[in-house]
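I have placed the structure first, in the form of structure tokens, so that the comments after it can refer back to it.
Letters A, B, C, D and E mark the chains in the order given here, with residues in each chain numbered from 1 onward.
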């Protein structure tokens, strides 16, 4: 069988697919939702891959579909399965989940414990580091092998770091970038619980360097986090943003009903 | 019932929808205006949501529809209702109403009373502040929960603040931005009565940071206010503008008649 | 009657409409030219509004239609009338005629008379100023309420003034802008008779700040004037240009015949 | 007869037309090549106008058609004639042939003869200048009234000179521009025989300032000349380039056969 | 016979063709894969030309086809053969294989042997240079006349070198460019075996200066190499990137099956 898996050595594949409903086909061929529901069932039945569906606001798409999992071959097959539905693929984004290269290291944490908390007793340090390792491992696992949570609103956008004149992110050394990203992450953490961010890497795979998926129950939170971060130097000086798509996360059958595809 | 409301913790949802009439469908399926009128009735009947319709000039759209209100789920449903009409959604903009972060505070007003008007007697100050609080509350309410007025001409455009080289709005500190915005607002106030501005926030939701809706009875006023503001430092150095759409605000049935959709 | 006029307090409305012929519709529904000719007749019959038609070169349009006059409601109705013809509106531009803010004032002329011509005798000055006022009034009237002349070739393009780094037109003070524009106008005057320019304002109405319509009998003159002006500081440092469309100005029936629409 | 010629006072009209074949129309209406061959015959029969056809590589076009000659009215008519064929006009470029303003003058040549060749005897100088005038006149004539040669490969692209910050071509004085262009021309001359360049002017007529048509028998030469020139200051600092289209120059009937249109 | 070859004096022709499946045609005309398989057979049967097919991720294309070989006439014919299949050509890229101008010379290698390895004995040097010449000749041959390897994932993108302000690649002298490129190449070599790069030249032929084809078995490697190189000065300061398309390399019949075309 030629559908052999294609897996990355690190990270899951992620495709964000944005569809306009082809109204005339949908009218001519009732039951168009079934193609989509079947495709989702096929991809997710064994629990290895996930799909999130949303009804988008505005002209960029009626329906948004985010799919992720280890096998790029199955993601491509999923996309082709959806091509049977009365949908027109108007935009998309391909990326891989990835660990942040700026994540704190054990040495960072050891230094922080000594400097900020005065913890230097070797046993204390070791106990604290063990707890830290668990937290970090959980966080890392959630970035590489995320479980998409159930939130009611979504925003997706791609972005790149700037390389223009004096504002050239890729000309900064690692320490400066790590320091800047740490400040950026601090803003993000003030939204912990309100907004879930999934940052996936797309350099070499799609037109921008990262894809950002934001999930929240409060639509205002999607606006507030991006706006607040824009004042952070990482965004203010070094970020270029692509198009933004916003929508209402819904169960697949409900999302399809809401965009006018019947089952 | 799955159509549960999706409301932001702060601000109403706003969608600007721009449609081209699909002439061949409109000819084949007479009565296309009814879909639009029914959709508007469905959204606005209970008084919680509003719709403004206009006949646009030029190729960007035949018909413009601005809808706003607390429930994003109903706005999405409204957009889908309109999909039944012989219309093609060519462009759109999604945003949330929001308070200006640069609005004068009570401390600002107290200082202004002392400095500009010599009002320092505590009772006088308190009386003046009470009146100021009423005005400010009315103004704030109109930004967060606006009632769209009846004016004859409209212009809509999205915009962002610049982040390029020395002209980086997001690298300015709050006091500088507040001072600059106050000067900008002064220009706006000279158009009070002639032009009504509604500025809504879209960072994280759509491709620009704000949407600007201008309403006036005199089409020349739409040009004059934007042109005059362009010399203000906030626009001259820090503003990037998206596409502009202009049109004639009309009652829905009349707007539809004017773009060639019969009832 | 709901078609009440919508007039600007200053300036006429102008729409430049660019159409591709829909060949399959034109073949199926002979007589497509009639819709256009009727629409033009309807708009221009009472002498208040004007229409200029041209056969464009290249892919941007087959047919160009420039319409202007006091009532924006009638211009919108005209655009909708044209929608019945087998034409696809591929691009357009909306603007208002306007006076130049940099036009010489009576004080400028009085100073010029003294400095350049040594005219200081009060009676002489007054006589010269009276003649100047007539000329200026005629020029002003032609900008605000233009009569389109019959020339054989046309070029239309929109433009904005730059706001980038050190080249920020809107950060210059009025005196500098007036001085620069005076030099620019001097170049324009060397083409008097060869090229007629109509500059209309579109800030707040369409995507650029001005629309420029050039009319000439010699197509080379359209190229020469824009090229020569490009070396002028106003263009060299401060102008950004949109798309250019060129064509052959023809009587409506002839223009329609030339783009393949029969009567 | 209303098809009166429209000729420029200087230069021939040039249109570059890029077509995609409309496969479904081509299948339904066999003989589509005839419309094109007839249109070419009509334009070129009297020897005043020329047409060059090529099969393009890639998605930008299947078929390229370059037409030139004195009468813009006939070029517009030619474009409309082609509209009967099963072709979709996807891109185009309109320009006029023109003399280079930086061409060497008789004074330049006289100075060069004295400085570089030590020719100062009046009779010698006069004899040399007479020969130079013939060469220059031939070169000038070939730019204004070119005869397109038969070469096997073509590349077309439009370009403009930059006006950004310190790299503003139009802010340079004439002597600097002439000196820079002379260096640029020297690179071009090293390709004499291998590559034929036709530079036509489009400021005020189309979106860029010049159109460049390169013709060569060796496709590698098209790449080499543009690449080598890119290091020249005129290109490196001052040139912005539009889209490039490349193809195989073929006799019309053969070009049409190669893009799938039968006769 | 008019299909005479068109070969470049240096380098093979390369076309990257990106297709969307036309679903309605594919449904109406079963067997659409056959047109593609026949076209590939026709181009590759004599072993002079190669084709690589892939199923792309996302909206940019369903199917990618990369074809290369000496004869541009056959590549054009191949593209036309594919036009019979129910495919829409959505994007493409045309280039020629080329030698790197920054490749090490024999003098470079001789200097390196002396400096880095202390090899100065004439016989030793000559023996080492003979081996070096073989390696370099193999490497050069693979760039000019590449044999495409079988890898499972592909990424294609075009790129240009920057010419903006202080970051102007084409204003650097050769020695600086060679030094910078050597550092860039060192990063590339750390991916030897994991990623195969084919860099082809397109200045003067298509919209960017180079096309880059990356092939790897591990999709993560496509991301990692481009991301790591972005920090290299050659990319950080001097590279502008076009669109990226990623996909799964598959045998033609399998690729066609995966995008929904049956045989």
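Here, a residue touches a chain if its C-beta (ideal position, glycine included) is under 8 Å from a C-beta of that chain, and two chains touch if they have at least 3 such contacts.
Keep in mind that what you see is a predicted model, and the values were worked out from it rather than measured.
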Third chains touching both chain E and chain A: none
Same-site or different-site touching of chain C by its copy chain D, using the half cut: different
Between chain D and chain E, centroid-to-centroid distance (C-alpha), Å: 30
Centre distance in Å when chain A and chain D are each reduced to the mean of their C-alpha atoms: 49
Residues of chain B whose C-beta touches two or more other chains: 164-165
Graph class of chain-chain contacts, one of line, ring, star, complete, other: ring
Chain order, ring traversed from chain B with chain C following: B, C, D, E, A
Complex contact set, residues of chain B against chain C: 21, 23, 55, 57-60, 62, 152-153, 155, 157, 164-167, 214, 218-227, 230-231, 233, 235-237, 243-244, 246-248, 250-251, 254, 257-260
Contact footprint of chain B on chain C as seen in their complex: 2, 6-11, 13, 15, 17-18, 72-73, 75-77, 79-80, 83-84, 89-94, 96, 98, 163-165, 168, 170-171, 201-207, 209
